[in-house]
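Sharing a structure with you now.
Just so it is clear, A, B and C label the chains in written order, and each chain counts residues from 1 on its own.
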Amino acid sequence: MRNRSFFLLTALVLGFAFLYIPILSMIVYSFNESRLVTVWGGFSVKWYGELFRNRQLLESAWLSFRIAAVTATGAVVIGTLAGFVLARFKQFRTRTMFAGMVTAPLVMPEVITGLSLLLLFVALAPLPFVPDTRGFSTITIAHITLTLSYVTVVVRSRLASMDESIEEAAMDLGARPVAVFMKITLPIIAPAMISGWLLAFTLSLDDLVIASFTAGPSTNTLPMMIFSTVRRGITPQINALATIMVGIVTVFVIVAGILMARQERRRQLDMRLAEAAAAAPRG
Amino acid sequence: MASPMEERKAPWLDPDAAPYIRIEGISKKFGDFVAVADVTLNIYRGEIFCLLGGSGCGKTTLLRMLAGFERPTTGKIFIDGVDMSDVPPYDRPVNMMFQSYALFPHMTVEQNVAFGLKQEGLPKAEIASRVAEMLSIVKLEQFAKRKPHQLSGGQRQRVALARALVKRPKLLLLDEPLAALDKKLREHTQFELVNIQERLGVTFIVVTHDQEEAMTLASRIGVMNQGRIVQVGTPHDIYEFPNTRFVAEFIGNVNMFEGVILEDEPDHVLIESRELGGNIYVGHGVSTAPEAIVWTAVRPEKMVLSRTEPEDKNNRATGIIKEIAYMGDLSIYLVQLDSGKIVRVTQPNIYRHAEDQFTWDERVWVHWHHTANVVVTE
Amino acid sequence: MAPTNPGYVSLGERLVLWMDQLWSTVLDSAPYRWSAGAMRRVGLHGRRLVIAVPWLWLLLFFLIPFVIVLKISFAETRWLGTPPYGPLFEWADAQLHIRVNLANYLYLIRDALYVKAFLSSLKVAAISTIFCLLIGYPMAYAIARTDPRWRNVLLLLVILPFWTSFLLRVYAWMGLLGNNGPINQLLMALGLISEPLAMLNTDFAMYIGIVYSYLPFMILPLYSNLEKHDLTLLEAAVDLGCKPFKAFLSITLPLSMPGVIAGSMLVFIPAVGEFVIPRLLGGTDSLMIGRVLWDEFFLNRNWPVASAVAVVLLIVLVIPIMIFQRYQMKETEAEERR
């Protein structure tokens, strides 16, 4: 037994080392005075300065941000509906096909989805109401299609673990189905929708392949800029960017984690208090 | 706990009384599986009617059809004379108390109870007053601002009840209302439920698998088996006058003796039973085909143990006491008769300590009065 | 005893109450009721609408594009056109000509490059999947068996890299594996090698990149499965005389198969079509079909051939995709029954 825990512990430590060494190395080198990785030139934040003066990079970041925000919102709307359909409508004629279409983007290689969406936009271009140049809208549509599957998975899982009789109770008390969804279901699945939003946001922000296919000639998203930069080699500005991103994500995750843990602790305490009070002999 | 209904003239015995709920020829099929088969029931206003049966007998499906969550495959349901076939659950004058209570976790007790009234579009003041009134009936006034997870199981149940009753429905459906409570709380809640029902006069239909629950709550019980209603009657009728072997064996404990009719007269019947090792005398006629096999049911508490031979040559047998279970208020004796059959006899422990108590391996006579016999033909 | 902060209304709850007010106002308003009634009369029941919205979106932006890819794969390449392919249907002499050009597919079959690229992609994806399994399984198992208090923290640590940019993490490996990178520096400082190892732009680097990037996708489904195991089964086995490792092999491993399959599919299928990692970390001779497709499209501007590559790739992946979807369906249904 001891050998087993030793083995497991080593596996964990090595595994996490493997996962985090690259991230840590980027953070370290972002503060390296020297441009070269061979030499440690001293602590410096000059790369951060250069980063903030890099207009192109900042503009592409802003574009990616906006795309991600719209994508996440659209993905949550459509993904929640899809998740609801899969969780609550057990029988309708095209269900298998629908389920297949929803889960396929989860594993589909991005080159295929990127290519197919581009060809769609090209084919649709002659239509009057379609925007001529590919850019913000096309990338956003492509991203929504990609990320809504993830939202569906999260929302569906939350709906499945929810007590369905709550929705029935609401109907029994006089609420029509739409009212049940808006007043009862939505508040309950709201946390899942929020994590779905964040997930879609991250995926959109990070996507290179699909954006490359569906972007127009003058559109550059952040990943596209990073890709063209790093193809030429190491740029410490990118290290600085990476450190900032890791920092933001870490802070966010820690804060969210603490808030949720505290809420859960309070909840458990309340439940125990209630049971104890009920079990105590009445005075 | 018999409901005062039985003291007045029971409406199901009154030919002029109109049933409040009419279930006519209801059946429900899921694919090839028949969950409910041709159920016809009349339920009267102000009753507590219990649907009693094991799991899979169709009682929950029947309840859900009454609530409107399942559409019957055939048949109709009338509530206060109105056909409910095309009425969705949110438009029915029916409310349900779910087994899991199904309280809205993001709302307080007050908001939970007020929900149904808000859907009706009532003015705020009226909602507030009715909610307050209902909370005081279920004794939860001081918990009004709490959330469901801050309540104990019993309190949650009362919220569920209040939430359903505040709408003053014509019919309240209860799905296994006491299943999640522990024994002490269950007893207490049983009486409370009956009190509240009498006070408000709402018609209850309760679904349960627990006989004790049914016997305590119900003014009438409908025993279900495999999608059908097997017998309907007051708890007393069901227990003392079962119409089939199934009902006799399902409710309480019973000793069954298989036998053949020896003498068949209009005023009495004599049954020869090899299982008993003797004859059974029944003081009334039994309508059955000649040479048919019949079963005689005798409840354990109607049997008597004695060391001396009883006078009556019928309705008796001798055997050895194999097991004794001391239950505090009564003792259960398992007696193996000479015929090989084991019968169950219960005797109340009238004395705290008796010198001549029956013990294991003692030879005793088991006998009973002929009025205790119930003969069933299926 | 009163619960903690009985009258306290958190921000989230305030938001919920406000939204409840909003919905009540909207849903009870006359215009909503009128339009809802109108839609119902036309046959647009709520249920159908709800299904229709995602359905139509996926139809238009997921399914139809595939059909278009298929169509273009049959088209003629027109180098100077915009778009650079010929039409499939043509009206000429009042007759419909269908120009189905199988040349693209023949091109793929004849040119050894493409066949090699497909096979090599499958090989690389398979090997990467195995490595992910070898590293990921012990990690998932270890997390599933730790104290519940720490499990969430460990999971968070697994997911954290996933939230940071994939591209940037691949880029990080470029830095680590370079000739002047810290790994080479360390090896030389330890005296293990005298010249820097050429690790970057090799298959080796590509494998590391793929395993590294896809590891969380293997760990999470595995953990989700392992966490649900009933540990008393193992206790019963050991109680009956079974050695712990054997108990693992005969009880835990088979029960974890659904997780293994899900994780493997989540790694294998996208890895086959992976582009970024072969481009940044792989060498010029690291043939991956994703890269081939990209180059065919962006460098050669040969849209029909690129489409044909995509179609073939899709056909190759159809079976693994169906396995994955079958697993997904079973898992969620089991979840719902619980």
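Everything that follows uses one rule, which is that a contact is a pair of C-beta atoms (placed from the backbone, for glycine too) under 8 Å apart; a residue touches a chain by one contact, two chains touch by 3 or more.
Predicted model, so just to flag it, every value in this text is computed and none were measured.
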| item | value |
| --- | --- |
| Chain pair with more C-beta contacts, A-C versus B-C | A-C |
| Farthest-lying chain, centroid of Cα atoms versus that of chain C | B |
| Where chain A and chain B are represented by their mean Cα positions, the distance between them in whole Å | 54 |
| Cα-centroid distance, chain B relative to chain C, in whole angstrom | 55 |
| Chain A and chain C: spacing of chain centres that average the CA atoms, whole Å | 13 |
| Residues of chain C whose C-beta touches two or more other chains | 3, 16, 24 |
| Shared-contact residues (touching 2 or more other chains) in chain A | 176, 179, 187, 270, 273-274, 277 |
| Shared interface positions of chain B, touching two or more other chains | 106, 150 |
| Chain C partner contacts - residues on chain B that touch it in the complex | 106, 118, 121, 145-146, 150 |
| Interface residues, chain B side, partner chain A - complex | 67-69, 88-91, 94-96, 98-100, 102-106, 115-116, 119-120, 147, 149-155, 163-164, 167 |
| Residues on chain A engaged by chain C in the complex (per definition of touch) | 1, 4, 7-9, 11-12, 15-16, 18-23, 25-26, 29, 36-38, 78-79, 81-82, 84-87, 89, 92, 94, 98-113, 115-117, 119-120, 122-123, 141-142, 144-145, 148, 156-157, 160-161, 176-179, 182-183, 186-187, 190, 202, 205-206, 208-209, 212-213, 223, 226-227, 230-231, 234, 238-239, 241-242, 245-246, 249-250, 253, 257, 261, 266, 269-270, 273-274, 276-277 |
| Of all residues in chain C, those that touch chain B in their complex | 3, 6-7, 13, 16, 24, 28 |
| Chain B-touching residues of chain A, taken from the complex the two chains share | 163, 165-166, 168-176, 179, 184, 187-188, 267, 270-271, 273-275, 277-279 |
